[in-house]
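So, here come the structures, one by one.
Below are two complexes that have subunit A in common, paired first with subunit B and then with subunit C.
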Partner chain A sequence: MSVEAAPSLRPQRGALTRFVSAYGQEVVIACAIVLLFAVVSAINPRFLAPNNLNTIVSGNAYIAVAAIGMAMVIITGHIDVSVGALIGVLATISGTIAVSGAPVWLAWVVPIFVGMGVNAIVGALIAYGRIPSIVVTLGMLSILRGGLVSVTGGAWINNLPPEFLLAQQRLLGVPVPVWFMIILTIGAFLWMRYTAFGRSLYAIGGNAEAARAAGIPIERRIVQVFMIHGAFAGLATILFATQLKIIQSTVPPNLELTIITAAVIGGVSILGGTGTVIGSTLAAILFSAIGSALIFINVSAYWLRAVIGALILVTVLADMLRRNREMQGAGR
Partner chain B sequence: MTASRFLRHETILAVLVVIALIVLGAQSDKFFTLDNLLNQGRLMTEVGLIAIVMTFVIITGGIDLSVGSILGLSAILLGVFWKNLGLPLELAIFLALCVGTLAGFVNGIIITRFRFPPLIATLGTLALYRGMAEGISQARSVRGYPDWFYILGQGQSFGIPTQLWLLVFVAIVAAIILGTTTWGRATYAIGSNETAARFSGLRVDWVKIAIYSASGFAAALAAVIFVSRVSTTRSDMGTGIELDAITAVVLGGTSIFGGKGTIVGTMLGLILIQALKNGLSLAGVKSDGTIVLIGAVLILTILVSNVIYRGGTR
Partner chain C sequence: MTSAVPVSLHSISKSFAGIPVLRNIDFDVRSGEVHALLGENGAGKSTLIKIIAGVHAPDSGTIRLGETTYTAVSPKEARRGGVATVYQELLLFPELTVAENVFLGNAPPNKAGMLDWTAMRRGARQLLDSLDSPDLDVDAKVGTLSVANRQRVEIAKALSQDAKVLIMDEPTAALADADIRRLIAVVKRLRDRGVGIIYVSHKLPEIFELADRVTVLRDGALIGTRPIGEVTEQTLVSMMVGREIDHLFPRGEPNIGEVLLRVDHLGFGARVRDISFELHKGEILGLAGLVGSGRTELALTIFGITPATSGTITLDGQPVTISSPKQARNLGIAYVPEDRGLQGLVRPMTIAQNNSMASLHNVARGIFINVATELKRGADSITKLGIRARGPDQVVGQLSGGNQQKVVLGKWLETAPRILIMDEPTRGIDVGAKAEIHALMSRLAGDGMAILMISSELPEILGMSDRVLVMHGGRLMATIDRADATPETVGAAMTQASAHEVAA
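So, the complex of A and B:
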């Protein structure tokens, strides 16, 4: 959780205050995770067993990875409700390549490019066709979901070669998905914060007209952001598809909502212009920690979604109250 | 102006509906039988009721993603009130409708009082309400309702499926409210420019709360009909119905940015979707193929409408 201390903050007056106001939501979630671990491990110490920690962090890594791309899309002021269906389609493509006898790396790499290709079309329809992103992605959701089932007939993919199962492997004793999650999160965070391209995403989401006046090619940028988002969906697919020995040819239900929720709870404003991918990754970890915690404190897992729903409302409320206070402070 | 009036979105859509009906009718002689058409009306009632109120929601510039979950929660509670608490079924239905309305009211309060963006508020309650349905039901279903209850979902009145009367009635009332009353004008005003509406003295928050409450009520009504139609309650009922409803509304020409849209458009969108689903399945296309087509139709209609609209005004 010390990850977020990394960016160099100007050491002016009240460095802590500045840090909290710049990364308020991330701090809130990090505290929530710590609190959750403290309370649940006090009730049931087995919660802290290495095996369980591993499950919590690596099991939801694919959601964290997909939420990075989603955060970028939302920061530019758009939304994508088709990403769950896209991941379902890409997983089937990946699995089909893996069992066909082709080299395993091909099965890992192709989904990334297919994801970029599909989302290039989505981005072009939004940017040049001037259709609202929710409409395009709603349509795309139907096309991908329906297409997947009608092509595969709902058949599962079995007999995946063991070397394909990347998510089950470890590097230096740490599960591969965790490496993916950490490296991609930090990389994307730095890229969005310190490059002109990354800053332009915030500019477009904050005020598209001002961004245009400043010379940012908005249409092209939107297509590019959706392609990057597609690449992250492809990366998430690798982690998702290689978890188990089978791939179900259906779209995981509500996956898109889980991914959007992770981004939003992580502090990405749905109105665009603000938020970081560190928050979305922390939120993804928080989700799986809650899911695991319910089991350890003997609450029926059927309540999981109710808890997450309440959590969305509470975190967003806390964020809004904090922003209101800051705005009043600035007004004085 | 007169030329652009003919090119209105509803007109394009009506032409599309007619073409679709002719083409689909030519594919199968079962399509234009009275039985089939009435049965399709039965199947589109639940989405229809939700889509009609969703039209109001989207015209105000909002969105309600929680309707599917409200449907599930109301359905589960209908079963719990009747079976587990032993209340008379009439009272259970009434209470289920109250719960749905209350759920919508809570959405309205969160959106207006706490200034949540509607997408976030209803995304949160989508998870919350569905989670409550799952938690309360613990994946158990309730069956064995008395016979009279099935009239609503499976029976007929005057030769027409009972729920179709309800859909037509609600559509007409909604069209009158939206088109001719001050409530309707207020709905458009809020969607076009909320700040201006506020300064003009409209009770913006009240109108919004009423609309979201109505959305919850419509979802609960759909739940009662759904339970009556399939004879059982399950906590996953209505999953994804929000996307079907939004598709129908947007296909019907309501702008997702608010300020523009009609009930007629929504009904045409609804009919087009149902006709495609039914006609293609009669023609031997699997339902998954139909879903692909509906997605494509949604994107293409808006694209064509955008091109014509821009050509006509600039």
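So, the complex of A and C:
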């Protein structure tokens, strides 16, 4: 017997139950963060020192910002493994402009547009060339990484002007990266949930053929979502490149994996069609909190990747189980 | 070994997540009989056959296979007990050959303990010949075969395991008429050979042709098991739905207006060739033909998914170009697709979200979606179409087939279409929902909507259509008025036998 008979048997669900069932993953991660802080600060109270909190949240805000764009791409049913390399390239471009004597705002803005441009090509190859996104972005990963080393020869950019270092500045006592993270997350969440554009991304990821039949221009949307993702990569670059007085002209190792993982653990189904950017941001904070916590409880930081890896497997497994259970109701 | 009752269930009950799905069911199948299992979607048929096949374990009751009594069987015990199942979604390996698929898991070894390919190919050949399929190549890859042929491979596979009971879950749901005839012949042949067959189907004519006994389930309860001679279509339907349906196809007196859509010499490659017809306001135009005759392709061309490569489309006397579904939608054309899963629904989304997907302008304020309005319209569609659901915020993946179909229909009605193309509007949905959808179609036509209905079910075509178009090989073979439309005339045009006589 299917859901048809359910109304009489199932009690009316309250607002809280509905909220938890709609945002289950987000709630779980928020609880995990609270639990982590409670446990680790009980072991080592210095975990809650302002300096450490600043490192956890502000120092890793760029990952959360990049994960917003990544979440949108994955919701649409695609993936981008080149974003780490892109951020590396954009950081070098940004630093080069900053030391050239050009206005500092140019050094902040150019990476956003370059990111959009590069990803417009990626999106077009996926949408119109009909090449799977994993293949296109793997290619782009090699191009960007190889190109970066060839052009710069691995040289670092030094002597960045102090006014360029946006990530070190504060607004109303709160570090600028935290403002970026909060505003962009909430803005993107509302945009995804309450606009026709956002809805169309969920529809494409949920069932591209049905979306096409409903009149959604799929190819155009794919290019657009990759361009938006590129813009978020540019914004993430600003936060990433302006932390220190130097920029290393290399790609941060495993950055793309960290970003993809944040999106997936945040509840964005790797199969597309579900999830929110609030989840991905919370997951990014959770990662950096775990990384920091390992240090504070005297565990080798090398365990961080293993812990995150375990989290990925658990999350994806939970996603699969939930889908199976939902499908149980139908088709009988 | 030959027991007269190879499978018998006694007092089987089963719940999922606290919701009873089967209650105290007694069921058996005898050697050499076809026992039809009937019920609406959600009645518990699939659960029952899965309990026999060992997929689910019952909460209580007993299962007897041959001489052994179990409280639950494993898939392996079921197979050893002589139970084989042909599921609706065929479980074959497309990259392996017919012979390999037939003997997968029980391949005959040769003396060296390796696979005996000669014996495998010979065995597969014999089995297929015994199924009246001498045309099927045992060395062909299964992925290259038609659905009907794959099904024969699946049946051969069941027989290779020496099945005493064969469970068939809606075997004809995806078959064209000619293939259905052949399948029915095969089922009869198996029955005559002494195999007991549990036959699940929604199609009553098949059941009357094949079954010796019929069991009806409703809401998990056994309504009755009767010899086929003691029941009529009416009694079966009322047993299934629990209420009398006096008109399965309630087409009232049509109110046909002027020409709305005109198609002239329309073509798409080799699949749609030189099609011309007119569709009037308030008309239900049936489009009949065998699977592969170009019916769906014609619909996709009119709807702009595969834009026309030749010919013209005229709407309200104005020539129009339709090169994308978006253009079609903006012209007031809606398409309810054949495959709900593929082209109709976004399963992770809610009813309200699916409902508004093709008409977001209805629920948008500026660039933003007004969620309250969206939920309200979703709730309205639920009421209007009689969708059985918890509410507009329920995820559509959880609904039954008939209710999913209503959600797809609701989505397109939200666009306020003037032309509604419905491709197999009632395929695979239960009788009650079917009648509701038919009634709805009549009402929409009564309000002046023009409906183009594609259907593989002849009774549906004959019962609902004001005129019938018949396609074959991508061409229009005949246009038949309601008065002249009989199973014979339409059937003849479908098989091209005497198309020109019929058209004349």
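In this section, the second predicted complex is superposed on the first by the 301 of 332 C-alpha atoms of A that agree within 3 Å, B and C clash if a C-alpha of one lies under 4 Å from a C-alpha of the other, contacts with A are read in each partner's own complex, and residues count from 1 in each chain.
Keep in mind that, in the parts below, a residue touches a chain if its C-beta (ideal position, glycine included) is under 8 Å from a C-beta of that chain, and two chains touch if they have at least 3 such contacts.
Quick caveat: nothing in here was measured; it's all calculated off a predicted structure.
Contacts of A:30 after superposition on the shared chain: neither subunit B nor subunit C is touched. In the superposed model, A:131 makes contact with subunit B only, not with subunit C.
When the two complexes are overlaid on their common chain A, residue A:255 makes contact with neither subunit B nor subunit C. Residue contacts after overlaying the shared chain place A:184 against neither subunit B nor subunit C.
Of the two partner chains, neither subunit B nor subunit C is touched by A:238.
Using the contact criterion defined above for the overlaid structures, shared-chain residue A:306 touches subunit B, although it does not reach subunit C. In the superposed model, A:207 lies in contact with subunit C only, and not with subunit B. In the superposition on the C-alpha atoms of chain A, no part of subunit A is touched by subunit B in one complex and by subunit C in the other. Chain contact summary for the complex, subunit C toward subunit A: residues 16-21, 41-44, 46-47, 219-220, 303, 305, 324-326, 328-330, 335, 337, 341-349, 353, 357-358, 360, 364, 367-369, 371, 388-390, 393-395, 397-401, 403-404, 411.
Partner subunit A is touched in their complex by these residues of subunit B: 63, 110, 114-117, 119-121, 123-132, 134-135, 137-139, 239, 243, 246-247, 250, 256-257, 286, 288-296, 298-299, 302-303, 306, 310. Chain contact summary for the complex, subunit A toward subunit C: residues 1-7, 9-10, 18, 194-197, 199, 202-203, 206-207, 209-217, 269, 273-274, 326-332. Residues 79, 81, 125, 129-132, 134-136, 138-150, 253-254, 257, 260-261, 264, 270-271, 300, 302-310, 312-313, 316-317, 320 of subunit A are the ones that touch subunit B when the two sit in their complex.
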